[in-house]
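Handing you a structure now.
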């Protein structure tokens, strides 16, 4: 039987110290983290992009990733979307007493691997252990900082009528993968989470394209929700064509019998790029040259007719709103 | 009956948006946060101090504070301890479905108040709602950044033999307050949490004292654990005198019948300051002139005899180790 | 009123069929279907039960005829 | 072997006393104490029960005598 | 995608049919679908935005969630309060408002044990996992769904699972359509019949629409071509002065329906009066559990009664469902009544016509 | 702080006594305390570091946690596994290792329902809150603690709480001291008697130490002055060639103890043989629940037996508790055996002598 985590590991005492040196420094160690001061000392020159996210994904391990890699990718991507090079992240853990130490170790190793691949360092962290039943196994907060190297940087407020709307690949892969592994709803779907660090591609795009208005990753709430946010922030219409939105057959198939819409499913390795139409082809070329965005597409354009709205042209040529949902989608039978 | 939080509020959809604008922007709003981009744009010039902490305190409200103010103070203090002016914090929430919306609102208002008092802005955040039973009401992660204005800044690695060891006030107030309100152990103690933002006092100290080797807040694990860490990091002996350590009568009283030691109880508004003996009086004078440190004391000095150890001189003149505990203290009867 | 989707039968055992749509595999129960289903059939699935066989040839034929009729009348 | 601390009785009702040490208030049960306790008494508390009255005068007196004895012998 | 599926969504074919509709339409045609899946499909596919102004699309009482009565929802909520009960339900019911706008999601957030299942069969497994509790499945749905629940009850009986119960509030489509067409204010020229309901029940129960009331009706599939073709059929029947009930979904629907599913449904259930939201009690429009299966009947086993509740003030769902007004003619629509704060169930169900108007209508 | 409390810790007075000890000590004096609270107090107050080398301080079997037998811990763990049981315990027992180093903390982490209470009375309230479960209090302790548990059983009986049970592994001090002094290898010159145990039992049960074995013994309080004064008394008795059992804790201890507490303890409990860790079974050294209170006896009510377990390999606790070796003379001390990874209970209990050596000794 594998060893189980005890409350003692979060006490700040010797057990905490062992967890830090035996696991965290082993997988995440670097000169900054190793100092174990109250805070990390960072050589960074501003302006700075800073983002935080907490990860509570269930199950912890899924095809294409786990909560550890996801926690790195999510924050790295958010930091990058502001036109920044992500440099440093923090890692705050909430652990449920009784958690399998092997599970924890696999996850911490995954955080380390994902951080190395993304080119960021975990520079400080925090661990709380809560009594059994007070949390669900493990929650991870990551907060990242990076140096902004384009000004004005991309922002959800900067979409302009006439801009092209691009997405970097298929929609809904992460969301459907997670659903397919949920307890009580498990079905086999030949699909993996798209969880990935987009920062290297983002940096390249920003370096080679003179003007990018919006970069955003369509995570929770999916493409529909994220475009709605942009439409509201920029007070424009986002007009998109359903036929141009790539959706994997398995994602469409899974959605069909659960009564879900892939455009509302989360993505964790995709981004929306809104930029002047004249740069669209160049941007698509750069995107498609990267394995993370081989299915990049222009899916529509920014208009001014229905400010704050997303309008979808259906495959048969009809038009309808793509509204933000009230809450999460539930599997349904009618 | 007050309204209860639903999973929908964490979906990224309209319910999430309402929570953000109706509550988070209302109490925490500022120009940076209000943009609601993936990340916050910060004008900061390095070097930078960055710290993260997650708060899972139970109960949520306690004499002297609540989880919201504590989350601000904890991170602001850690950022400051590196010789920095805390500027910006992030706020990551994990909320249990069914949480009373009034409770949430009180806590967010408290975060806002504490941030304003500490002079920091909440610049970005994240909210996850987990199913009932998957978390205990509310957990808060805060991550802070600030500009380091002294180099070399204080560090746990910099204690030197001959240095004076100062603490800014009474030990164990926060820990005993929380214990006294724990379900199943409740007793009335005339004591409040010392939770407070120390950054203004820290900045003043650093500006007026030419050389400070170590600053650290003795939180989880208390004075004993934090001094042990410093002794290990700096490879020195921390020698302290029990009679000089201020402990409130109520804290000593509560500890007596629970079989606990106040030197291992958490503090949330105190700091340890280690500096050359010649600056000790000046530092104490500055500290005592601030309401947060009126009971500041020199409690000992750094020696080289037992490197990595904390040695305590007892009131009767005996000597013993003050060891780091294995895990958390449990109330005991023998 | 009743979300029901066609899925292809990949195998059958004990009144339960393994079905697929877009490569996504699921199980459906066969208590309610009126024709003996066989591997390769498409069945219409509702709430975890196969309710009927989908006659895809019939469907194609109908559409083809309809389309021809439309064009005939249009030209 | 048995952590037991003196606490002062602030009030009594129904075999339960409100006691204090350093201003910290708690409740103790009185089923086991052999002398009828009264408000102002100090009792030795173990595991939520008062076990005996602490005779503080006796304690002071003993120490005083002992101390005098020590000094006497020393000088 | 193979060619049948492609054909059924083929933009060129759709445009041809729309062209025909425009050409052949004479005056105004008010058609009603009585199936929520049609409601969603018509909006979501964009069919609706392609139809000429003369085609008036009305959504009838065909979403089982929308027609669930507030007294029935109150019963669900009472059930969820019970400490010895785990409620199993399709996701569709989670947000339907009962008295004081309380719903199952809120009850769940406050600690009630409510589990969303994809199939009623999953609820039997849940019952096996919780032998000390009663698992009550909320039986809501029309003729498509009722057989799946009947079959599940039979499976539970064979497996000897005795802590699985069904609260049956199933409803039947023909009786409520009878109420619609007998309304002297009816202003519907044609009915689009629910394809998947007819897959079970066949066409016979709907013949009265044409035979007795002279209203054409077509059993319709859910793809754009299915829907547009039925609309064209309505126009052509009217142009020829004909009225018939025809099958436009032959690939899935036999005229006689699915006799096996009918038999299982009739073995377990028997007709009873039913409450429809906004329409009140309709004779023989519901399905109760027969005495032979009384051990699985939550009403009998737990002694449930329907609590009296005040009707939802101001909600015009009844008029919407009868085709008397469009959702945007309800004075509360989009002002007081939104998906975030739904007054009536037509706004809360994913298939509700008010919700569809709100969500899809530009 | 008032003057009694100040006096008892007064540094000047302490220094005077230490001065006297140094002056009057002739040769080596080996004294043993048999109370964990003395162990901690002697180390924590710094008394130990002030004593001259000639004073050898030994810690006997006086921590109820340390003497809890591994078979008893195994029984606790078995109990914690039961789905219908909530275990209530003093915090002290949580980390005590049983077979395979498993302890109650680990069981709790894996889902066992274990609640730390401050008073046994709290466990009765817990039982009232969980009427469907059995709340079993782990009864561990000496004469100080046993009366509180006896009183709690009587309170539970009067209140009619019938789901409160006690697993009584209480132990008595005099029988184990008898075993110590009858050991031909005994090398102890004086005993510091446990102040709070004597508060209940009085001095009588200890007279045999002086009368029969000629070893001086002083009932001692827990403040530095109390402890130093007893050590001086040992020296003086020896210097005069006297051996007596005297009361150095008159402010709390009557020579006859607390008759009321004794009566309640004897009403509920009766002597039985007891297992002591490292020492084995000792006749009449334990307290079992009398038949009249059998309804509250977890052993009777749940049919518990003590599982056989292999002894802890290499642990010298038995020798430490007998005063034969000091903790740092155990070959495992600080090398294999640490508070993080304790081999024996003397290392795990806050009051254990190995733990005290590890934690406090510079």
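By letter and in written order, the chains are A, B, C, D, E and F; residue numbering begins at 1 in each of them.
The rule is simple: contacts are C-beta pairs under 8 Å (C-beta built on N, C-alpha and C of every residue); 3 or more make two chains touch, one makes a residue touch a chain.
Because the structure is a prediction, the values reported are computed rather than measured.
**Student:** Could you name all chains that are in contact with chain C and with chain F at the same time?
**Tutor:** Common contact partners of chain C and chain F, which must touch each of the two, are A.
**Student:** Hey, what chains does chain A share as contacts with chain B?
**Tutor:** The common neighbours are E, F.
**Student:** Give me the fewest steps it takes to get from chain A to chain E if each step has to go to a chain it touches.
**Tutor:** 1
**Student:** Could you pull out the chain whose C-alpha mean position is farthest off from that of chain E?
**Tutor:** Relative to chain E, the chain whose C-alpha centre sits farthest away is D.
**Student:** Could you find the chain whose CA centre sits the greatest distance from that of chain F?
**Tutor:** For chain F, the chain whose C-alpha mean is farthest off is C.
**Student:** Most C-beta contact pairs, which chains?
**Tutor:** Counting C-beta pairs in contact for each chain pair, the top pair is A-B.
**Student:** How many angstrom lie between the centres of chain D and chain E, each centre taken as the mean Cα position?
**Tutor:** 76
**Student:** Counting only Cα atoms for the centres, state how far chain A is from chain F in Å.
**Tutor:** 57
**Student:** How far is the middle of chain A from the middle of chain D, if each middle is the mean of its Cα atoms, in Å?
**Tutor:** Chain centroid spacing, chain A to chain D, equals 63 Å.
**Student:** Quick check: what residues of chain D touch more than one other chain, meaning two or more?
**Tutor:** As it turns out, chain D has residues touching two or more other chains at 1-3, 46-47.
**Student:** At least two other chains touched by the same residue of chain E: list those residues.
**Tutor:** Touching at least two other chains: 36-37, 63-64, 90, 118, 122, 141, 145, 339-340, 351.
**Student:** Where in chain B do residues touch two or more other chains at once?
**Tutor:** Only 6-8, 14-15, 259, 325-327, 332-334 qualify.
**Student:** For this entry, which pairs of chains touch?
**Tutor:** A-B, A-C, A-E, A-F, B-D, B-E, B-F, C-E, D-F
**Student:** In the complex formed with chain A, which residues of chain B make contact?
**Tutor:** 6-17, 35-56, 58, 77-79, 81-82, 84, 88, 90-94, 123-126, 128, 130, 133-136, 139, 141, 143-145, 148, 153, 155-157, 215-217, 219-221, 225, 229, 233, 266, 324-328
**Student:** Touching residues of chain F toward chain D in the complex: what are they?
**Tutor:** Residues in contact with chain D: 3-4, 7-8, 13, 16-17, 19-20, 34-37, 62-64, 90, 118-122, 141-142, 144-145, 147-148, 151, 154-155, 194, 196-197, 199-200, 225, 229, 250-254, 258-261, 264, 351.
**Student:** Using the touch definition from the top, list the residues of chain F that touch chain A in their complex.
**Tutor:** My answer: residues 105-106, 108-111, 339-340.
**Student:** Once bound in the complex, which stretches of chain D touch chain F?
**Tutor:** Those in contact with chain F are residues 1-4, 29, 31-34, 44, 46-49, 51-52, 54-56, 58-60, 62-63, 66-67, 70-71, 73-74.
**Student:** Over in the complex, which chain B residues touch chain F? Could you list them?
**Tutor:** Residues 184-185, 258-259, 306, 309, 311-321, 323, 325-327, 330-334 of chain B touch chain F in their complex.
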